[in-house]
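Sharing a structure here in structure tokens format.
Per-chain numbering from 1; labels A, B, C and D assigned in written order.
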């Protein structure tokens, strides 16, 4: 399959370049973690994929997030993935490591290890297992300890669909005031909350949309960018959404987002990481099987997914897909 | 309190004028229902309030919605309110009647009665009491029967916070294809869903944001307008949000929406109709007590609310409020 | 189909007879409301069904509850049903009327009307539409006003699956202390809560299990009886569960309940009122179509249901069913 | 504080003795994990506590469950705790290890390690992080792989309050048919479900109530015993509940359970592991601080808790507590 290549000057899409003191801005992809046939981490596949996304001009990457099956890896495997990713990600692009753990101490340890492996920042889920007996004060204390212990910037990760915990606007604003907490990835899709946080937090606080499903409206609400599973599948289109929004071309942005939504649904809500990996396979990148209990898509599912990709213009109409 | 008055040419804010065959577009307020000291409907207060909002230029009104305590009124009282409202609302503005009931037959009857009282369209909650044993097919059949029986256009009303039922995107798209179903008011705040519906439904299908909390991003996602409790309190500002968004002045729109969000929170999520009515009282309009089990705000609550209104610039800093 | 008949001395199953000052105790059925082919209330069918259940020895009946499609009827129809039911229900059996409405005033009115139609007590859902802005104090005030206004005993109806509102143990205990609030029907299945209420409320406060799915353990936890949709289908078996539990024959009770659970699932969680009515049809009683948006069971569903009834021993193995 | 001591013949409370091929039965405590002042595992405290509970006659122990802060420990610490516990727990009592992880591979590894450390069985949470995209088939495959890989019996752990995933009755019955899956700990409190599983699964399948809040009714519904946080605080009373139920003395059982419910609430729903540890401190056992983000009880909370313990008769009325 022929695919257009982009040079690094795609970074001139208007996002602030990554630099000391600037929070993340622009389009990030939460990269999947490919596995070998025997189930171990496939670093070559990871590197190959990253080469593609870097060339496309993405502003940075989340490694070991939900799309990356982070919760399914051992601590050792996590380090392997982070090191391989950093080796492939140039210094001028963000590498943000997913490091959520249930205890404060384990989260600090994971963040430190991630920094040692080259991460620029940590993406930290709230400790959700005991959420029913965890006060807002305890949450704030947790994040304070993590950011102090990590020695690098931290982004809060609000992901209620997976954690069962939807951070309250007031809690987010408190977290945003902690030294070193530079942003939030919000996957709740609650744009009223996003707008509230955008207003109440410092202008330099980075508010990143957690899904392409609401990326354009989030930008209209003042988001600083997005961490989009879709950016793994359609990085150029996601960057174009970003550019269009910055240029005020909202009609075009909306039209393009609308076209991509069925793809986004397929790789997030409907099939999760399994769908994302199958789509990468269809597109000629390295997907492969997810780690159990996640399952590979069935033949039928793969056929449906191919149709969805083709309809969105991500595959030539006549193309043979493997 | 002195308040600027607007003439009807405020309608030139860019919304299509109400006309046969055009679905609702622009800024609508879900008006509260004032009660006398003895608890009966206060038609004079209703008329007075409407005069204010009409002069401000709102494109139309939802009568007997959630903000209007519709579920707390008898069938007879509902008719009284609709008739009084229609007498006050000029023909060139939308009057949309909330008519959700638990059975298809009762909903049809309520819609017919509303039409007789002068409503231009019906806003119909899904029948939610038996939602766990109601199929999507049954939902579609319900709406089909209602729109056919009502003899006037119908808007779907998705309000999961109150009904416990969040209409699936696929269900909404099916409903949007029914003859006479001209739009949806969506209060879920799920902008990914809104964008999906915007794309999948006919361009003439009206998608109205159900809360000012996400009005600007909803417009960016292609919404046709909003039904905003906040428009009862700050109609000019809500119209300005609409104009700014239409002019592509997203930064200004965002800034203005941000300023209004604390007010919106107070009159929706935090205090509901009780907060809305208290705010009207503070602003010199007719609020009064809500109907039990809803309670009037405490002294303390009223004080907080006044502060919120003042901070948002809706009250002069030095004003004496009653 | 031949069916054994029971005489009224079946009342000697150990429940206190209905009398002034005694709260409800024993096995109650929430009766369905049959409709004619044209959709109007079928009073003859109602009377016929009641004759069967009364002969079986049930201790009383809930009319216009969730199983009775109460929320789908107009106020006038509600009165028709209550009057017809009272004409058929002897004075020594309880007739409890479902009267939940969203406002305090409408609930009081409905309770008064029900009393006039002969109800012995009212079963009152919490006002749930505005549950997110309704305080526990407001809930208590609502029930106080209703019980005072109704002029007859009141039972609280906790039904979170339908209302989205699960009354807190502390709230239930406060309600139990109101003069005239004589019991609760709890359909949550949370037996820890039931045991807590049993302990904290007066011994004379009636705690009725809301489903046969947990009737035996509820009795073990101190419940006073149950309001069981299953009692419409298998009244003798439900009375036997009650007797066995009173006699301490828990193993037999458990065994019998286990046998009935698939039937109970079919007429509650799986198919709701539609399943209940179809089962009545299969058993030769008057079921008929539910009121839309509820749908009649499909042919396939009816076949499955028949199998479930047969396996539970409620149909002869070889019986022709209509 | 003087406390009565029980000899091991308390095991004659009627539970089957632990033996090859017999599933767990009786009263189990999910033991807390004490930490030193520096936050590391306090093996001495653990041993001391276990001595007390063993002497009281508990039938077995869950180590590293939710009450034991299992999710807050590293893999190394987990092994330390399991080894120390096994050294203290005689071979005739069950040691069940909590080994839930998000991936199948990590869960297998944890189960194997636990077996090596001397566990008799594994208690396995469903993999819940990706629950929205995990099919029932995938769940079954997960448990099959774990029980095959572990080489020891497995109990399913249904804990919806923490995981956001409530296993469906049908799923539980499928799991119960897997070779080696010998039981379930169900903390949902849904007794209808418990009764259904009791009926559909093999009689030898062990159904353990997950909370003392519904222990007595669960026994009435056919439960095989319970894993009760309360058994750490009041082991003799929990054993007595078990004996009373076996003897059919349901009134006494109910009365005793009722007395204990406020204590149970305090150490579960209200304060979780923090409350449990504070209660141990008050009773003279080894509690100490929980691991952050969990917080120690405030002074006020500790006072309230002491009152609750005293009212339940677990502290002499006049006793000085530390």
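Annotations
In this section, contacts are C-beta pairs under 8 Å (C-beta built on N, C-alpha and C of every residue); 3 or more make two chains touch, one makes a residue touch a chain.
Predicted, not measured: the structure shown is a model, and the values here were computed from it.
Between subunit A and subunit C, the centres computed from C-alpha atoms are 50 Å apart.
The distance from the centre of subunit C to the centre of subunit D, with each centre set as the mean of the Cα atoms, comes to 36 Å. Within subunit A, no positions touching two or more other chains are listed.
Taken as a graph of touching chains, this assembly forms a single closed ring in which every chain touches exactly two others. Per the contact rule defined earlier, chains pair up in contact as A-B, A-D, B-C, C-D.
Across the complex, subunit C meets subunit D through its residues 189-196, 198-199, 211, 213-214, 216-222, 248, 250, 253-254, 257-259, 261, 264-265.
Interface residues of subunit B, counted against subunit C in their complex, comprise 39, 66, 69, 71-75, 102-106, 109, 127, 129-135, 137-139, 141-142, 145, 161-164, 269-274, 291-295.
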